[in-house]
Each structure stands twice: as C-alpha cells, then as structure tokens.
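The structure under discussion is supplied below as structure tokens; questions concerning it will follow.
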C-alpha cells in the first residue's frame, strides 16, 4: 500500500522553480532518502509535501492527516521542560502518551530540564522525539541528524526502523550516511528545473518577468 | 486548540508574570501621564477616559509580538500549520491567550486606574463594559497584524503602524461611551456599535489572519 | 501677483505646499524610473538571454 | 481583446509607452491651465480669496479617495486572477494616493485657518482623512518591508481588503464622534446653494488635470516597478546554480 | 564602530523606512489621543506637551528591540563580542544608530505634531530644544534596557517596565520645559537639568550596558 | 610556536561544570578536533576559548586579538547581500578584501543575493567565509560542516588546509569526519567533570547550593 505518492511535481522557492518532474512513491515500511547539492531544493520539496506551500505543478497524493514534518528548527519552547514540550505536541495530535518517545530518544534523564538548557544535540533529540508522539504514518525529515553524535545517530536509526516496521514510512533529506541501508535513495541533482517553458504558469514575479 | 491556549498561557506566565506585565505597563503609563500633563485633577479627570483607552491599546500593542513571532522563529509555527488544528482555530486560540493575559487583567484593574486619574465614579460601569466588549477585538486585530508581519524582523513600529489604524473605530466608540458615562449621559449607542464591531471582528478576522500566516509560511 | 488680502498666508501656503508636493512626486517618479531603466539595461547587457528588450 | 491582456507585462509596457506621450501634454494643459484659471478667479463674496484653495483641495481630496478604491480593485484582481501587473499597479498607486491625501490635508488646513480660525481642527471629515493617510502609510510600509515580492503582493492585498473596511468604519465612527464643521458633499459651497459657474468650470478642469496627473504617474511608476522586477528576475535567474 | 553604525543605519533603512516608521507612529499617536480625550482644542493644547513627550518615549520604546535582540538571535552579537571593537563602543554605535532613526526624525517633525495637538506656538522652540537634548538619553537608556533583556524572549512589555521608570526624570524636565514655554515662562532650569541628565547618561550608561551584555552572552 | 594553549581548564554551563582538567596546545599549522557525545561541553569550551565566558579554573593562553570564533549561528543579516555581510565583518576587523573569501567558499555567484534567500548550506558557506576576512590566526569552529554537501565539505577542508599552511591554527568541534587526517583529535569524554570537590570555587548557584 502506498502512503505517499508524488506525480510529476515541480516546486518553487523565491519565485523560481527549483526541481521539477519529480515522481516517486513511498510504500508502508519504506524509507526514501533525498540527496543533492546545497540549494537544489530539498527543503523546498519537503515543505511542499508537508502542505506548507502549494505545488507549482503535479500532485502530492497522501491520506489527509497522515504526514508529520520535522524541519530544521525543532519548534521547542525554551521555557518549557522537555516533558512539557512533548506533552503539548502529543495533545495537539490528540494523544497523551509521551513516555515511549522519551524512552526511545534517551531523554528520560532530561525530562524535567527546560528545553533552553539543552545542548545542540539534545535539542535535536527532543525534536525527533516529537515525531513519535504525532502518531502519523508518514514522516518528513529535513537533515534529521544534524548535531547528533554517533550514539544518537544509531538511536535515531533504530527509531526509524521501528517506525517502518510498524507500517510507517519516511522521507529524509540529508547529506550524511544514515546507517539505513534498506532506504531507497533519490538524487535530486537530475531534476534541476530548466528555465520555464512558455505557456507554463509562472512560479512568481521572478518567473513572470524573466 | 485548548492545548494551544493552555500552552500559550503557561508560556506567558513562565516568561515572567504574564498577567502582571500588562498591568504594570498600564500602571506606569498612568503615572507618567500626570508627570507629562501636569497634576491638575480637573483636566486629568476629563482626559482620563482617553488615557485609559489609549493605554489599553498600547499595552495590547507592546505584547503583540508574542503572538506569532516567537513561534515563527523557533519553528513551532511551521509545525502547528501541519498539525490537525485548523490554522483559523490556532489564530483564535492565540488571540484568546493574548486577551486573557493582557485584556482581561486590564478590565479587572481599570477602575483602580480610573481612580488614579480622577475619573468620575459614575463613568466606571461604562468603562468596565466598554473595555470588556472592546479588548477582545483589540487582541484579534493585533493577531491579524502580527500574522501579517510575522517573519519580518523589524521591531514593533511597523506592526503598530499597521494595527493602530485598525483600532480607531473601537477606540472612538469606547472612549465616547466612557465620556458619556462621566457626563451622566446615555451610552447605549456607542456600546452597541462597539459590540457590533467586536463581534464581526471576532467572526471574520481569524480567516484573514490565517490567510496571512499561510502566505508567510509559504 | 494678485491681491489676496488677509488670505495671503493661507492661499500661498496651500499653493506652495501643493506645488512642492506634486513636483516632488513627479521628480521622484521620473528619477526612480530612470534608475530602474538604467539598472535593467545594465542587467540585460550582462545577461545574454534577455528575450525581449524593455 | 479583453482588459486582462494588459495585465501581461510586455503588453502593458508597449501600451503605456504608446499612450504616455499623448497624455503628458494633455495633463499639463489641464492641470496648469485649470490651476491658473482657478487662481485668477475673483474673490468670493463670503470666502474672499480663500476660494482659490478649492481648486487644489477638492480635486486632491477626491483623488485621495478614488486612488484607494482603485488600489482595492487592483488588489482584488491580483488576489482573484493573479495578474502580476495589477499588484504592481496597486503598489505604484499608493504613494500617489498618499501625496494626494497630504495635499488635501494641507490645503484643507490652510483653508480652515481663515475660515475656522485655526490651522487644525478635529473635524470628522478632516480626521477621517488623517486616518486614510495612516492607512496609506501602513500599506506603503508593508510593501517596503516584505522582501519576497510574491508574499508582499499577497500580504498587501489582504491588508488593503481589511483596511478598506476599517477605513470606512473609521469614517462613520469619526462622524459619530463629533459634529463636523466641514460642509457636506456635492459641488456647493454651502448646502443647497449651487456654486457659481465662475468657480465650477475651472474646478472641473482641475479635476480632469488631477486625474490625468494621477494616470501618468501611475503608468510611469508601474513601468518602474516592472523594470525593477525584471531586473531582479534576471539577476535571480543568473544566480540560480 | 563606524562600520557598525553604518550597517545598523543601512539595516534600518532596508527594513522599510527606518526614518519614517518612528514618525508614522508618532502621527498615529497624535491622531489617537484626540479620539480618546475628545476634540476640544483647549484641553488638547494643555495636555499637548505631555502627550508629545510621552509619544517620544513610546516611539523610542517600540523600536528598542531592534538594538540588540536581532543581533543576539542571529548570532552576530557573539561574533561582535569577539571582534576588535570594544563592547562599549558597539553599544554606543548601536544607540547612536537608534537615535538617528527614531530620535532625530522626531525632533525635526515635532513642531508639526504640536500643531495637530494645538500646542501654543510660543512653546515650539522649547519643544525642539528639550527633545534635542532629551532623546539621545532615551536611546542610550533604551540600549541599556535592551542589553539587560537581550535573550529573554518575552516581548516588549518587560523591556518597557524596566526602561520607562528610567525615563521619568527626562520626561519630567522635558515636559516641564515645554509647559513653561507654552505659558511664556523661562525654562532654563528644567533644560539645564535635562542636559545634565543626558550628558551623564551618555557618558556612563555604555559601560553598564556593555557589562549587561557580557553577562547575557556568558 | 604555540598559538593557543590551555592549561587545566574547567568550564561551566548553566551553573554546573561540564568538563574539567582539559589541557592542550595548538601550534601554528596544526588543527585540533574536539569530539565527545552530545552535551559533554564542546560548545561551552569553545565559547570559553573565544573569551565569551570566563574559565572556572585553569588558564587560556593566546595572544590578544588572535582568535576568530564561528558559532552554530552564522550571524548573517538576512536583509543584506552576501557581499555586504562579508564587507561589514571585514571592516569590523579592519580589512577590506572580500574577494578572496568569496572565491574560496564558492560564493561569487551568490554575492548579490540577500543572505535571507540562501539555502541552509549556502548560509553556512557564507558563515565560514567570514572567518577568512577576519585575518586572525586561530579559528574556533563549532560544528562547521553542518548542512554542507560533500563538495562544500571538500571546499571547507581545502580552506582549512590553506589556513594552516599560512601559519594559522584551528580548533573544531564536530561529530562527523572532516577529511582532515592531519588533525589531532581530543575526545572530551574523558574529561567529564566530577561533582565539585569541597574547597573549589562553585560554578554558580547550582553548585554553591548542591
């Protein structure tokens, strides 16, 4: 069963299309890793999949309310404790179990610390734990392992494996090796957008006037 | 939505006296004004309705950046926009939290400040009613302004330039109601107008604010 | 010069400020337009793909 | 050929470039002629020489309101039909509207000085004009502040819609707030009394002159905006890896 | 330091009319006050000195967060602190840029706003002088407040609580000087006091602000 | 010649000491890589070396004005163009050459772009280019390669090598391989601070009252 499929997608950033003609399908239990040089449009593509920006062309097909997005920024409130941060997101997604998530990302010892007093890698772990409390099947991850040490990367890989085994799916943008040999890899380098053909809808002022 | 409301309230309290800050600002304003205009009780009494209302606007204004800017910076807003809460609901919850921390304490404490400024006693009921009706609209319009300027990192001045003109009708009717109260006149008309403005603001502005947020998150 | 009587001050203020404002707006518009045109020309010179010259 | 065709930048540049040389002399004649004619009218029996201010005040006041309405229409066209030139036209119109409002305010103030005895009075008409000026300022400031032109167009569009409603509300609120000193609308100096032809005709010419001035400035400024956008677009295309 | 001053000015201008925003805010305030207190020219004229000065404080206040907060968020402040400029010099440069973009335009435009509020003409010279002397102190004290609160993300209210009390002496002497001018009295004494306050503020506060910054960066 | 030496250093964060007893020396032409799990105190140590916080114990010996620090955050002004950002920092450090830095981090094409319109990796490149315009010999780098693609990491390694060859030195905290085999490695794991011995100066309220 395919949880997310993308058909001939084109996305734009800053009024210019970045990648186009992207098509893929992610089935339950599968992971896809997006690669490509800096600035090719990985972040833009993920934001489009998450519904934060409309696709310029093509379609994104996913069940409603099936997608959880983890951006560069972790969305933590520095004044709230680790547990409070997680509990808030759990409640937003209509759930109330956070212990499993704390356990999985090895945050139990830090549960009562204010999120502002965490180091870069600890913050990132908390950001990833958030995904576990959403209960959503499709995870979109933008450079998830930034700042993580080797142990935490392994922890993260284990969490991803668990999620896939439970019938979930994941799409990740990353520059480094993730220790997930089972994941498919899509290099966006080949989908770099060409200048807009006449007739096509302009992505914004920059394309309309160029 | 309740979760969001509660979180925002908790954050306001954690951040150091959410409820107190607005009041303290108001208190300072009420002390500064006599320094500025002189301490003649008669004049003070006549300008009191205006000062109280303008003070309410400013207290509201100074806390507006809390509504969305912090959430935008730390990325929560992106995540909220992909959460199962409709964005309109999120806007309403956040404006509600803002009102509870700035508007409501003001309404409660306004009679006291009126006393400081020699506001005639018979104006107090009108003051209370008009603030109670008007401040929710201030919070909601403020949320709209905050949604438009979210992501622009240029201080409160632009925000106030956008928001304050929207406050004009509320201010006029509110201050007029208090002034009529002070003069012993009937203030039903301005209060009704004010209620109408507040109600339509509360009903329609969340959609405009959510649209602005979506544009800014794009 | 016409005799304006006690209205001299206000009439002259009105005309003076208005003329300054209108001329100022016209000059600013033309100046900005000239700058934009120059910048565009420079840009189109350097881009060898300008499809239509404006 | 529909009006939407002109929302295409190339077509717009061509058409406006063709029209401008004809408009400029026409506007110059109407504006200068009207103002000189108006300035040389004889003093009114009640208002004396201060009627001369009318030839600036009334056209600019009318343009101030009409330009906002035009911006509202342009914003709606942008939001609904996504015609880029339309958004740029709204942006280009705002400073003109602000200056017109300013002229109306200043000339009104200058008019009020002999009539009411003070430079500024918190009359509802004048006050609602001041509020309109504030809305113009906010609109311009927002365009300036947002870097991304696509977001800027959308955000200012939303602001223009909401602002229009509140500008209207403010106008009624201001009328409720104090009784006015300003006379009512219609081309009459006092209610019920038609303005004599001596003043009416130069006033008409001035109105046409102001409108043409607005049209020219609008076209020029829109052309400027298009050029700026095109420059930025070419730069962006070049910089894209 | 010149580089820093120029950069801050450029940022203020890029950010959309650095010079204009303060003025626009002031204009709004001068419009809102009559809505609040009524359109009676006589009363307005009497409270005008106070309103103008309180307005100057608020315009200053609303733009304070520009001074350090943005630099702290994007990390520039850390980098500046390790740069060869002494931190005191950086504080002075930033306060200077703030004054040039908010204080100075206000001084220049104040007579016009006085007109709107029916300020008697003979008070205008005193208004100008007192604003010219006083606003630099407002910017510098504001920089101190901003330095203390940098890194606390709780909106402008806390900042205004800290800063407004520091503004009181400047406000009192400034408004008094204008009021004396309006009444045709001699205003040398308040102006001298104000100048003394400003000078000592400018001389000493940069050190306090730099110390506060160092503590916050630690 | 040693550009930076650290003697028996202890640093504290949030009122608790994080690492202690750290000593090392970095000579001209040498690079040191700090490693250690998340939260051990790498960032804290670097901030202390940069002079942003005082050491709790021990000493940091370096010539005055010899240190340039690059933090997690790049200190970019989104409204200014890439070139303007660099030029500002160059002027602050009393220099005016930015072309070499633009060239070295491959930013020439992006020079006129506002920094806000860069992708994550492009921003990071600009942040690193800033080091080149400081003209300082000792570079302190906190996770410099975050978000960089493989090409950019190679570029970065080349820049570091050039800096070392010119008699500079670098101290870097990182979790990933940097392709700098010549660099010495210091694992902070062994220097984790023990509870404070009596007699020692407390790091803050947290230790004074524990």
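Should a chain be cited, it is by its letter among A, B, C, D, E and F, assigned in written order, with residues numbered from 1 in that chain.
Keep this in mind: contacts are C-beta pairs under 8 Å (C-beta built on N, C-alpha and C of every residue); 3 or more make two chains touch, one makes a residue touch a chain.
The structure presented is a predicted model; accordingly, all values stated were derived computationally and were not measured.
Participant: Compute the shortest path length in steps from chain A to chain E over the network of touching chains.
Facilitator: The fewest touching-chain steps linking chain A to chain E number 2.
Participant: Strictly by the touch rule at the top, which chains does chain E share as contacts with chain F?
Facilitator: Chains touching both chain E and chain F: D.
Participant: Pick out whichever of the two, D-F or A-B, is joined by more C-beta pairs in contact.
Facilitator: A-B
Participant: Going by the average position of its CA atoms, which chain sits the greatest distance from chain D?
Facilitator: Chain centre farthest from chain D's centre: F.
Participant: What's the call on chain A versus chain F, same or different interface residues, using the half cut on shared numbers?
Facilitator: Mostly the same residues form this interface, as more than half of the numbers used are common to both chains.
Participant: Please report how many Å separate the Cα centroid of chain A from that of chain D, as a whole number.
Facilitator: So the centre of chain A lies 48 Å away from the centre of chain D.
Participant: So the centre of each chain is just the mean of its C-alpha atoms; given that, what is the distance between chain D and chain E in Å?
Facilitator: 33
Participant: Could you grab the centroid distance between chain B and chain F? Build each centroid from C-alpha atoms only and quote it in angstrom.
Facilitator: For chain B versus chain F, the centre distance works out to 45 Å.
Participant: Indicate the whole-number Å distance between the mean C-alpha point of chain A and the mean C-alpha point of chain C.
Facilitator: Here chain A and chain C have centroids separated by 50 Å.
Participant: Give the residues of chain A touching no fewer than two other chains, as numbers and ranges.
Facilitator: Answer for chain A, listing residues that touch two or more other chains: 14, 37, 39, 72, 78.
Participant: Of all residues in chain E, which are in touch with two or more distinct other chains?
Facilitator: 15-16, 21, 24, 28, 31, 34-35, 38, 73, 153
Participant: Of all the residues in chain D, which ones touch at least 2 other chains?
Facilitator: Residues 9, 131, 134, 137-138, 141-142, 145, 150, 177, 226, 230, 234-235, 237-238, 241 of chain D each touch two or more of the other chains.
Participant: Please give all chain pairs that are in touch with each other.
Facilitator: A-B, A-D, A-F, B-D, B-E, C-D, D-E, D-F, E-F
Participant: Given the complex with chain C, which residues does chain D contribute to the contact?
Facilitator: Going by the criterion above, the answer is residues 9-10, 13, 35, 39-40, 43, 48-50, 52-53, 56-57, 60, 95-96, 99, 102-103, 106-107, 110-111, 113-114, 213, 217, 220-221, 223-228, 230-231, 234-235, 237-238.
Participant: For chain A, which residues count as touching chain D in their complex?
Facilitator: Within the complex, chain A contacts chain D at residues 14-16, 37, 39-40, 195, 202, 204-210.
Participant: Applying the document's contact rule, which stretches of chain B touch chain D when the two form their complex?
Facilitator: For chain B paired with chain D, touching residues are 144, 148-149, 152, 154, 158, 161-162, 164-166, 168-169, 172-173, 176, 189-190, 193, 197, 205, 208, 211-212, 215-216, 218.
Participant: Please give the residue numbers of chain F that touch chain D in the complex, ascending.
Facilitator: 78-79, 109-110, 112-114, 116-117
Participant: Using the touch definition up top, name the residues of chain D that touch chain A in the complex.
Facilitator: Result: residues 9, 84, 148-150, 153, 226, 229-230, 232-234, 236-237, 240-241 of chain D touch chain A.
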